[in-house]
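Report on the structure given below.
Chains here go by letter, A, B, C and D, matching the order in which they are written, and residues are numbered from 1 within each.
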């Protein structure tokens, strides 16, 4: 029982001999590289589950208030630009695609491809945020940001507003006031989403620098794969946010 | 070793698959915008959500490799959405039935 | 109690163990070793337990007399709020998982560490960061929303440090998410060869179930708190009835986490009890599969019952019916566990060591706590009992009588493993009995007070409730002593305690087959598991082999 | 006991004699609640005794000295099924019984007398239909079903009368109801049981149960102004509600005669039963409650009327039983104004 404490180097199991580990990448407490990889991606998925539930709370709130104040939600949704929202959706889906390609490059050990994919992903991510910034600033100008400066003018008097959106139906003041809830949820949901994007772009930058130096294309691409999961998850959230926030009752 | 398959061979998804999925996602986006401008009555939100669900499923299955992952991973993803549905569903029991009557 | 297999004179502490591989503060603060992180947690948790306990003492002291004479109402409100927040987020939720679970789960399943040692350390830092937020808000004047952050009180009507505290809850919540995530991955991925699911100790099962709740429940609390913070900071209106929001939605989101949270608190405790009962009756747990699955059942059903906290808060009555029915269902797995534990004693060979005494205390108090839960789950009686001292007594029976008893049982059970030394036995048994008696005196009168209608969170109360309150306060004094004694003798034992040997209780878990305190790597070689959990015949056989090989 | 000083002894005696162990049963609901409570106690005792007996007996029979070698037993499906099904059955009984009791407590009989309760930090305000206004007290007659309609003007409060075994939260922005019928004359505690801020524990009061005669006397002695409906009528006029809701054939708003309790067709297509809650919502959020055939032109009164004002309006609308009655509104109001000083009437507080 009192054997020396110096850790014996882990001996790769026979069946995993094909994967013969680079010792530097195998952390001491794992038996095999495969086990380490599976653990990492499983951990990542569990983290994404917490993210689902995190956004879930806001989706529940959205569902309730949309049913209660449908007219206000439909009207407020029309102040958003489908063009900007749609382009952003395309941008994000494309970035998801470049991310997936990055994972493929890492798996097939293409360093330049990986660097290019990551750089493109960052670029697309930043353009998403740029467009989002544009949309947000418009909301500030129009006093559509919930809080002290919020104004229902656009919805009470749509014709007086400078915006040329004839589709907005004039609402009674009491109903127009409920658009504040829509914008609260809009900012909370897209804000949380944007926050995830910002964090993602930060991590991507680090990954890019490391990938430039040749990391991840040496057969150890777990980090890239797991980051890919995160990035795709952010994409999925947007896939739901887009129709829910931008496309309420556009046909009227 | 256990009742559910926990380990799985690593599968490399080819760029062709990614490209096809990418194409479908772009189509889906166009479709959802088109659907929003079409009068379908109560079906409008349903269609919007359905398209979003299909898109999300494709991303999960292919971009996120769940299609090629172990049963455990598949179950994990399902568990997440199941819990999400509990949250939504059970909260809704309250909000829907509040309007049913005096109490 | 020393192992029969090991002669007295051989009992010395092993030369190398996880305490003496590295020295210095940094070797602790930057460690990846799950055992060291567990010890860090143990220290911080104990510290905050006594902070929360001091608050509880102040509350009981104030309630000694019907008049609001010890402190001002504001102060009283802040004290009970911080008592709740500290006890729940800094003690009950992380108690067993983050200390005992952290220390033992990798060893029990035959792994060298948790799957993500750095994330494990991160959890502890997040815990400390969350705790710091609470301390900052305490120093800045406290917070008086109650730990439930009820809107619109917390968003519009109090002027205290809700934001700081909210951030603290958010951060502490993610600490528990990462602990849970780590456990789930570890239990799935890191089991030693031969360690199948049905050979896992029940402690592992229980922590697994609790981890599921941590991972899936906590983020909903996080978002609820974020929305409260936004509401407070910017007035977004989601929970504000004057802007068309529904304050009840906050209750839904809050309790979606906070009800499962009570299972996060109690399940690991139940795991401890399974280990202790089995070891000290020298018998396999009666109906292993039933106990294991009841943990998972509690975890799953735990997500379906949250609205029973809201029966009279304006929940739709149809919905209340559904939630009441589901609440009754979640009570069943707990009943199964209690009966299975009792049946485990049948034809056992029972010894009454300190952990066993605490476990008996747990069974008694948890039975009362669980059964009074039925009073509150049942719609009609809930109307009268909710928001009174009955509910206070109920959750203290479950949380303190159940969880804390289990925690102490676990600490006493695994103390020789964690430190390599025994505590004084007579004294520890006395402490266990004092705790039990003190507990009953503190909280049983509160059931009667509750039925009399004394509301919870009251600073002053009508004079006819005084006798019972005096009884409760007197009991709290005894209880406080009961909690202080273990701290003293456990601290004493670290230096002066008798060396325990690797398996003082003759228990079967893998953790008892290695030296105590263990090596940093836990195992010199990863064990091949070829026996079921709680297989005492295997242990006996193994001990005989060892004696033979030594001889 | 001789060494205890007589003063202390007397004090102890008095103290113990005045302490209580079981709350008074003072409503028709109390015995029902207590019956279920005792049933649950019985179940708990049985459960506890069984567990204690099992643990105790086994501890004695199979302790290490007497029973040195344990007999390994895997489990028993039959036994486990037994202790799964029996508790389940008992819990289901508790559920059904509890649910029935819940129906009883939250379903007021149709003939119940309605009293409005407004909770605010940190007091209870009671509005009797006759215009009597109380703070932190509620006078009620014995033997008559009383329905409380509760609302809070700030945070969650909870109106709890332990002697009646009823409790209901007063929610901001929404009416809730509870009912009871007192059976014993006396004075009982009223608590706010939902934590509501600094002076939560001071938000207490008294429920004074009186004989019908005493109650009538109290009503007569404490009329402080107009009745709720009269206050509402005056408010109806001051807010110019009757400019549109005037029951003329070409009026811009629907006639409110007999609207209370009727089924209303809405422009959104749905129909709704008009109750207190609906009337309140329709005043504060009119455009979400537009009667079919009318334009959504009514302005919102959110932030312009106090909760008491809304209560008065609701009470007034309840009394409108004919178009003639509606048209009389302005006249009676003028008479009212001449008759008494409006300051004493609490229902008419109009916030600026």
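As a working rule, a contact is a pair of C-beta atoms (placed from the backbone, for glycine too) under 8 Å apart; a residue touches a chain by one contact, two chains touch by 3 or more.
These numbers were taken from a predicted model, which means no experiment stands behind them.
Farthest chain from chain B (centres taken as the mean of C-alpha atoms): D.
Of all chain pairs in this entry, the one linked by the most C-beta contacts is C-D. With centres set at the average Cα position, the gap from chain A to chain D is 46 Å. Inter-chain spacing, taken between the CA centroids of chain A and chain B, is 15 Å. In this assembly, the C-alpha centroid of chain A lies 35 Å from the C-alpha centroid of chain C.
Counting only residues that touch two or more partner chains, chain C has 188-189, 216, 220, 244, 248-249, 252, 256, 317. Of all residues in chain B, those that touch two or more other chains are 6, 72, 79-80, 83, 87, 91, 95, 103. Counting partners per residue, chain D has 106, 285, 302 as the residues that reach two or more other chains. Looking at the complex, you find that chain A touches chain B at residues 34, 37-38, 41-42, 45-46, 48-49, 52-53, 56-57, 59-60, 63-64, 67, 82, 86, 89-90, 93-94, 96-97, 99-101, 104, 107-108, 225, 228-229, 232-233, 235-236, 239-240, 242-244, 247-251. Remark: chain A residues 1-5, 7-8, 27-31, 35, 38-39, 42-43, 46-47, 49-58, 60-61, 64-65, 68-69, 146-148, 177-178, 180-181, 184-185, 187-188, 192 touch chain C in the complex. Interface residues of chain D facing chain A in the complex, by the touch rule stated above, are 284-288, 296-300, 302.
Against chain D, the residues of chain A that register as touching in their complex are 69, 171-175, 177. Interface residues of chain B, counted against chain A in their complex, comprise 6-8, 10, 12-15, 18-19, 21-22, 25-26, 29, 32-33, 36-40, 44-45, 48-49, 51-52, 55-56, 59-60, 62-65, 69-70, 72-73, 76-77, 79-81, 83-84, 87-88, 91-92, 95.
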